[in-house]
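By letter and in written order, the chains are A, B, C and D; residue numbering begins at 1 in each of them.
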Amino acid sequence: MAVLFGSSRDHGNTETLTKLALEGMQYTSFYLKNYKVNPIDDLRHTKSGFVKVDDDYDELMREVIHHEILIFATPVYWYGMSGVIKKFIDRFSQSLRDESLNFKDKMGRKKAFVITVGGDNPRIKALPLIQQFQYIFDFSGTEFAGYLIGKANAPHEIQSDSRSISDAMEFRKVLQKHTE
Amino acid sequence: MAVLFGSSRDHGNTETLTKLALEGMQYTSFYLKNYKVNPIDDLRHTKSGFVKVDDDYDELMREVIHHEILIFATPVYWYGMSGVIKKFIDRFSQSLRDESLNFKDKMGRKKAFVITVGGDNPRIKALPLIQQFQYIFDFSGTEFAGYLIGKANAPHEIQSDSRSISDAMEFRKVLQKHTE
Amino acid sequence: MAVLFGSSRDHGNTETLTKLALEGMQYTSFYLKNYKVNPIDDLRHTKSGFVKVDDDYDELMREVIHHEILIFATPVYWYGMSGVIKKFIDRFSQSLRDESLNFKDKMGRKKAFVITVGGDNPRIKALPLIQQFQYIFDFSGTEFAGYLIGKANAPHEIQSDSRSISDAMEFRKVLQKHTE
Amino acid sequence: MAVLFGSSRDHGNTETLTKLALEGMQYTSFYLKNYKVNPIDDLRHTKSGFVKVDDDYDELMREVIHHEILIFATPVYWYGMSGVIKKFIDRFSQSLRDESLNFKDKMGRKKAFVITVGGDNPRIKALPLIQQFQYIFDFSGTEFAGYLIGKANAPHEIQSDSRSISDAMEFRKVLQKHTE
């Protein structure tokens, strides 16, 4: 199980809620902000195709792709996933053309979860974000096995949002079923 | 009128459709990929607040904010706006705290439009992207005055999608009314 | 607290889940299928305005409007609320013009919840239904205080969907906070 | 080509816009408000299954099902399709079990369009309605070939909304391509 963190802050609400939801489980954390991931240069339609990019994406993806369960943990920034995680996902287009990776086949056998925390009515206003992940996973053939929406704004606020905490406990049960 | 281009390619379908839609009109183009815009470092809740970032964002925003009409022109990447434009929008959080900018007040008097082009059933699957822009503009008090969804995948495909072309002509009429 | 049931079946999954979520609480149930509610005849724009309709709607609404908390409990039929409950909601247009009712003012001081159960990936595919309720409550000024999405298809299936049951328990806690 | 009108008024904005969009084309109109269509009685899971209902649905569906192109024309009532058309669609569940009808196979070879007119920012707030139709057509295997959203509130307002009129002209071109 791999967790892809899209936050810009350390120990933010999304990270806190995710760790709480995953307590007692084994997983590998990838803090995307600590990797150099360039925005995609869309070369899908050039003769040469994608070229090697001098950043951390390829190596990162080669680690991520080993995991059977992927958890996308992103704060709600401006009603969408963070730019950090979006940049990462945009690069999937490159992975699709990387024959050594077997990306689509491998993604098609994974399960994915989304954890997101927002401050402005996220249980409604993060729904487009959830729908976008559904389209992403539909495209890659990945099973979208569940999502968790937390509500918090200032640091540590998530700990005092009892609804978010309870939902994290429920999310954990769902996740445990998928890892048995 | 300012156009914020979120594409990674030059002369891509989004740029082509946008230029067609704006033919004969005066506007300033900002190709976001040509600016250094770091991902937000969310310091909203630290004592010191946001600190000066060594990139092009501040200067860019100071130019953008002068324009009364903003057009966000982004390809549909993985069912959302591009990472390049998302990174830019994430930084609005910093602008909100920049008292010298008067961001929210100024955004509250602007009109915004969205132009987006996708390859996979965008008139349905780009709707969450449109809904997110609505939430963004609701938050900033900006009038969301219209959107244009084009359909194309490979380079130059947009020119042969008659529906996209016709819709661009209609979009231009709407835009012209708002600039009279 | 009033519960508006939109099901066509007695003892269906929506009813079961709703009763479970509300266990131990006091509420009045309205089974909409047992009332004669004609489709709206849109006379908003006629000189005479709406005319008295020979059905149960007016009396029903006069009872419903007394309650401070409204729970809309509807199965997901074809990815939307049931026709039975939609017919009822469409008639709100008539109530808006009924000066003796003071509809908008009263709705503006209520809290509303939605409980819905569907068989086909409802935690994703019922999201447009949830968004529609948000728009409805935005219009009437009603606080949309929470929603519960259950998953079940055949009769009694909801009892064996542990996720739905857990979520109902969480929903109850949220509801209890709003009724304290 | 069959047009299913969900309006409660005659000569309303939805009807006007639809007729304009279809000018010069051949089609059969079904005004659903003039048919007796009971709400579904969900008997999918009873031993006996669905029973003959004493209303106009079966006969209506037998006529509708002959047409290769279906146009669902509904006003936006409370951010969704009208109760009249929702009641009709809910009955599809019955048709699915009616072996003499071959419903799913036939729907799977049709193309569908949606025309809807609303008064409150419909190009944004009717998007959940459009997404629901997408799910409906996904389920029935029907191609969702296009949609038209008009903006109007009071009677005849649609005629003076130039954007709606232009969009109707564009819609007609799309439709014509599908009927060639």
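We take it that contacts are C-beta pairs under 8 Å (C-beta built on N, C-alpha and C of every residue); 3 or more make two chains touch, one makes a residue touch a chain.
Molecules present, by chain and UniProt name: A, B, C, D = Flavodoxin family protein.
Keep in mind the model is a prediction, meaning the values are calculated, not measured.
Visitor: State which chains count as neighbours of chain A and simultaneously of chain B.
Guide: Both chain A and chain B are touched by no common chain, going by the contact rule given at the top.
Visitor: Using each chain's Cα centroid, which is most distant from the centroid of chain A?
Guide: It is D whose centre lies farthest from that of chain A.
Visitor: Could you work out how far the Cα centre of chain B sits from that of chain C, in whole Å?
Guide: Distance between chain centres, rounded to whole Å: 38 Å.
Visitor: What whole-Å value do you get for the distance between chain C and chain D if each is reduced to the mean of its CA atoms?
Guide: Each chain reduced to its C-alpha mean, chain C and chain D end up 24 Å apart.
Visitor: What is the distance in Å between the mean C-alpha positions of chain A and chain C?
Guide: Chain A and chain C have C-alpha centres separated by 34 Å.
Visitor: Among the residues of chain A, which are close enough to touch at least two other chains?
Guide: As it turns out, chain A has residues touching two or more other chains at 127, 131.
Visitor: Any two chains that touch count here, so list every such pair.
Guide: A-B, A-C, B-D, C-D
Visitor: Can you list the residues on chain B that touch chain D in the complex?
Guide: 123-124, 127, 130-131, 134, 144, 146-147, 162-163, 166-167, 170, 173-174
Visitor: Under the stated contact criterion, what part of chain A meets chain B in this complex?
Guide: It is residues 7-9, 12, 33, 39-42, 45, 75, 77-84, 86-90, 92-93, 120, 125, 127-129, 131-132, 135-136, 139, 154-155 of chain A that touch chain B.
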